[in-house]
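Structures given as structure tokens follow.
Next come two complexes built around chain A: one with chain B, the other with chain C.
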Partner chain A sequence: MSPGFAAMLDALPFLWRGLLVTLSVSALVVVLSLVAGAVLGLMRVYGPPVLQPAVQAFSDIVRGIPVLVLIFFVFYGLPVVGLQVNSFTSAVLALAIFSTAQVTELARGALQSIHHGQNEAAKAIGLTFGQRMASVILPQAARRFLPAWVNSVTDAVKGSALVSLIGVGDLMMAIQQVIGRTYQALPLYVLGGAIYFAINYGLSLLSRHCEQRLSYYQARE
Partner chain B sequence: MPYHLNFGFVWLHFDRLLSGLALSLSMAALAIAIGVAIGLALAVAHVSGSKATRAAISAYVEIFRNVPLLLLVYFVFYGIPTEFDIRYGATASFVATLAIYAGAYLVEVFRAGLAAVPMGLIEAGKAIGLTPWQRLLHVRLPTMLRISLPALGNTFVSLFKDTSVAAVIAVPELTFGAQWINLNSFRVVEVFSVITLMYLGTGYAMLRLMRLVERRFSVNRT
Partner chain C sequence: MAATPVVSIRGLWKSFTDTPVLKGVDLDVHRGEVVTIIGPSGSGKTTLLRCFTLLETSDGGGGTMDGVEVGYRDDGGERVPRSERELAPIRAETGMVFQMFYLFPHLTALQNVMLGLVKVRRMARAEAEEAAAAWLKRVGLADRMQHLPSQLSGGQQQRVGIARAVAMAPKVLLLDEITSSLDPSLVDEVLAVVRSLAEEGRTMILVTHEMAFARNVSDRIVRMAQGTIVADGAPGEVLDGVVPSPSGRGLG
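Up next, the complex of A and B:
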């Protein structure tokens, strides 16, 4: 057995712990940004006119900053304003802010793609805002939102590798630590790449599956 | 103890940020140029190639789109030289990585553009007696480029933003300059606010420039 392969095998239990951190960072980011992004997307399209440009400005600005800069900004900046949080929390916060901006934009696109006549018709038959959203707008918008959203989940998993740079013990950090001990750089980067690939390729297959299912339903309408 | 903003140190070393931004932009430009060449070549190969060629191109696209850029950067800079006898600097290593990464995204953009060229145009090319190669060169590629413009602009800006990752292998670009100032002055809020504005301004300028090009050449006039 080559030393590279042996190092890969030996590293597996250690990488597993890193992988769990990567998965929990990603999962937290995905859930937080889905909720916040959906709310902001609704505010952007149906909110009070003063809030709409504010939401747009938030998402435009955040999407214009490199994720790495945002992570450093949050990590080094929070203690300055008196908030002592650990690196895990600031990593999740920074990635969630970034992902929220993406989700807001996706939600806006999906909501605006529904013809305004639908909303007006629902108003005309006396549905309240909540009813219009729940039974007319959201079911249609969700279909257009879903495939693009799965892509943003992939981006969140990929972006989570950057949190190793502020000391979070994720998969990327675990790979670096194993390389530091074994000097088997190439085999371990290949192994790490394969793990990230498996997660993200799985997600993109899921996205394609969703897309096919949803377009099937749309074609039948 | 309250924190008082003090931009003095940032302005004192502003030349680091300016040269950093220049390096970020040059790396992005070079990577985009190589990436566009890769993307165009592979997109054409994908529509006209054999099944095996297509599978190989799809594998390239899927691998590079589904692995974090940070890992690719480490792989090229720290991984490859340990097994093979090649030496290269951090900047060259990053540009090469970003170019291959960019290629994977741009193939998809160009493929979608080629697929969106109206059938009637290609048939018209056939009707006036153009050979398949002429149709590709004079009908499909120019139309595809014009269709792809909006998606290209977004991809270019996102690649420019990705140059910040070069800081981790000590390429003295914008984010690295900010880290240097932060480490030497602890003026974290100031320096990161300044580079945030620099990234935003540059990205915005790139988008405006692409919008101008789009307005001139786009076929998606609705």
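Up next, the complex of A and C:
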């Protein structure tokens, strides 16, 4: 057995713990940003006119900052304003803010892509705003939102690799620690890449499956 | 004393940017009347229907339905614009059918018709399904109920649109150029449905360019030009010669 392959096998239990942290960070970021981004996206399109520019400003500013800068900003900035949080919380918060800005734009785009006639037809049969959203607009917008959102989820998983830079013991940090012990850099980076790829490819397959299930454009008989 | 018109529009004004599209239009439609609005493109026909149902906000004037003001309510003697929530039940009484159908693409034909019955009319699902199926059969789509709009032809989609509107049992049906975006070969199947509804004595306002159909199906024809009503009378009178509008507005 080659030393590289042996190092990869030996590292698996240790990497597993890092993988769990990566998955935890990613899952929290995905859920938080989905909820916050969907709400902000709705506010951006249908909210009070006074709030719409504020939401847009949030989205524009955050999307204009590199995610690594945002992570350091939250990690070093929160203690300055008296908020003592651990590196895991800082990492989740920073990535969630970044991802929320992406999701907000995706939600805005999906909502605005629904033809105004759909809203008018729903109004014409007497549906209230809530009913129009629940029964007509959101089911259609969700289908357009899904593929782009899965992209943002994979970005969140990949972006989580940066949290090792503020001391979070994720998969990336575990890989670096193993490399520090074994000096088998290339095999372990290949293994790490394969693990990240497996997660994201799985998500992409799931997304394609969902898109097919949800598709309402079928061939005319 | 004359019966209250189902639809009464008074002094309706609407401009898009600086271009006036409606210039103080008055129109009454009585119960059971089929009124067809004709006129060149841009004369304000569609905008009139849209402003009446407040899908478009007018700049002045407004309408009543069965004597109830559509856009405003009385609040202790003060006229207050209705909120979207207050407008919803009023809009449910105006069955609007659109030129571009605007069926809900994620719902089957049956679900398209059921949606308003369940959500607005508060029917039980089974009852709504039965009513929706009956209307789809009536418009000749008994074998297309479970089809999505993308699986239907334009004429079939428009017939679903008509079923969706008429199933709500509205006080007036507003049909806005419902054959204009159809292949000519599909127009007749849609007009046949409209004709059968007219023969039932339903109150309808049609906007159409189908002159032969308008002559045949209408009790009255209203001709619009440049945002005003320039003729209003029996089909033969309006189509064969100029008949003045009752208010005399816009003549000359």
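One rule holds in what follows: the second predicted complex is superposed on the first by the 208 of 221 C-alpha atoms of A that agree within 3 Å, B and C clash if a C-alpha of one lies under 4 Å from a C-alpha of the other, contacts with A are read in each partner's own complex, and residues count from 1 in each chain.
To be clear about the criterion, a contact is a pair of C-beta atoms (placed from the backbone, for glycine too) under 8 Å apart; a residue touches a chain by one contact, two chains touch by 3 or more.
As the structure is a prediction and not an experimental result, all values here were calculated from the model.
*Asks:* A:Gly192 contacts which: chain B (first), chain C (second), both, neither?
*Replies:* A:Gly192 contacts chain B only, not chain C.
*Asks:* Let me test your reading of the model: by the given contact rule, A:Ile125 touches which partner, first (chain B), second (chain C), both or neither?
*Replies:* second
*Asks:* Which partner chains sit in contact with A:Ser135 here, chain B, chain C, both or neither? Use first/second/both/neither.
*Replies:* In the superposition, A:Ser135 touches chain C alone.
*Asks:* After superposition on the shared chain, which partner residues are touched by A:Ala91: those of chain B (first), chain C (second), both, or neither?
*Replies:* Neither partner.
*Asks:* Looking at A:Leu19, would you say it contacts chain B, chain C, both, or neither? Reply first, second, both or neither.
*Replies:* After superposing on A, A:Leu19 lies clear of both chain B and chain C.
*Asks:* When the two structures are laid over each other on chain A, which of chain B and chain C touches more residues of chain A?
*Replies:* B
*Asks:* Quick one: classify A:Leu111 as touching chain B (first), chain C (second), both or neither.
*Replies:* Once the two structures are laid over each other on A, A:Leu111 reaches no partner at all.
*Asks:* So chain A touches chain B in one structure and chain C in the other; where do those two contact lists coincide?
*Replies:* Of chain A, no residue contacts chain B in one complex and chain C in the other.
*Asks:* Flag every residue of chain C that touches chain A in the complex, lowest number first.
*Replies:* The contact residues of chain C facing chain A are 53, 55, 84-85, 87-96, 98, 100, 102-106, 115-116, 119-120, 147-148, 150-153, 164-165, 168.
*Asks:* For chain B, which residues are in contact with chain A within the complex?
*Replies:* Spelled out, the residues of chain B in touch with chain A are 3, 62-63, 65-72, 74-75, 78-80, 82-83, 157, 161-165, 167-168, 175, 178-179, 182, 188-189, 192, 195-196, 199-200, 203-204.
*Asks:* Would you mind writing out the residues of chain A in touch with chain B in their complex?
*Replies:* 61, 64-69, 72-73, 76-77, 80-81, 154, 157-162, 164-165, 172, 175-176, 179, 183, 185-186, 189-190, 192-193, 196-197, 200-201, 204
*Asks:* Where on chain A is chain C touching in the complex?
*Replies:* The contact residues of chain A facing chain C are 115, 117-118, 120-129, 131, 135-136, 139-140, 143, 216-221.
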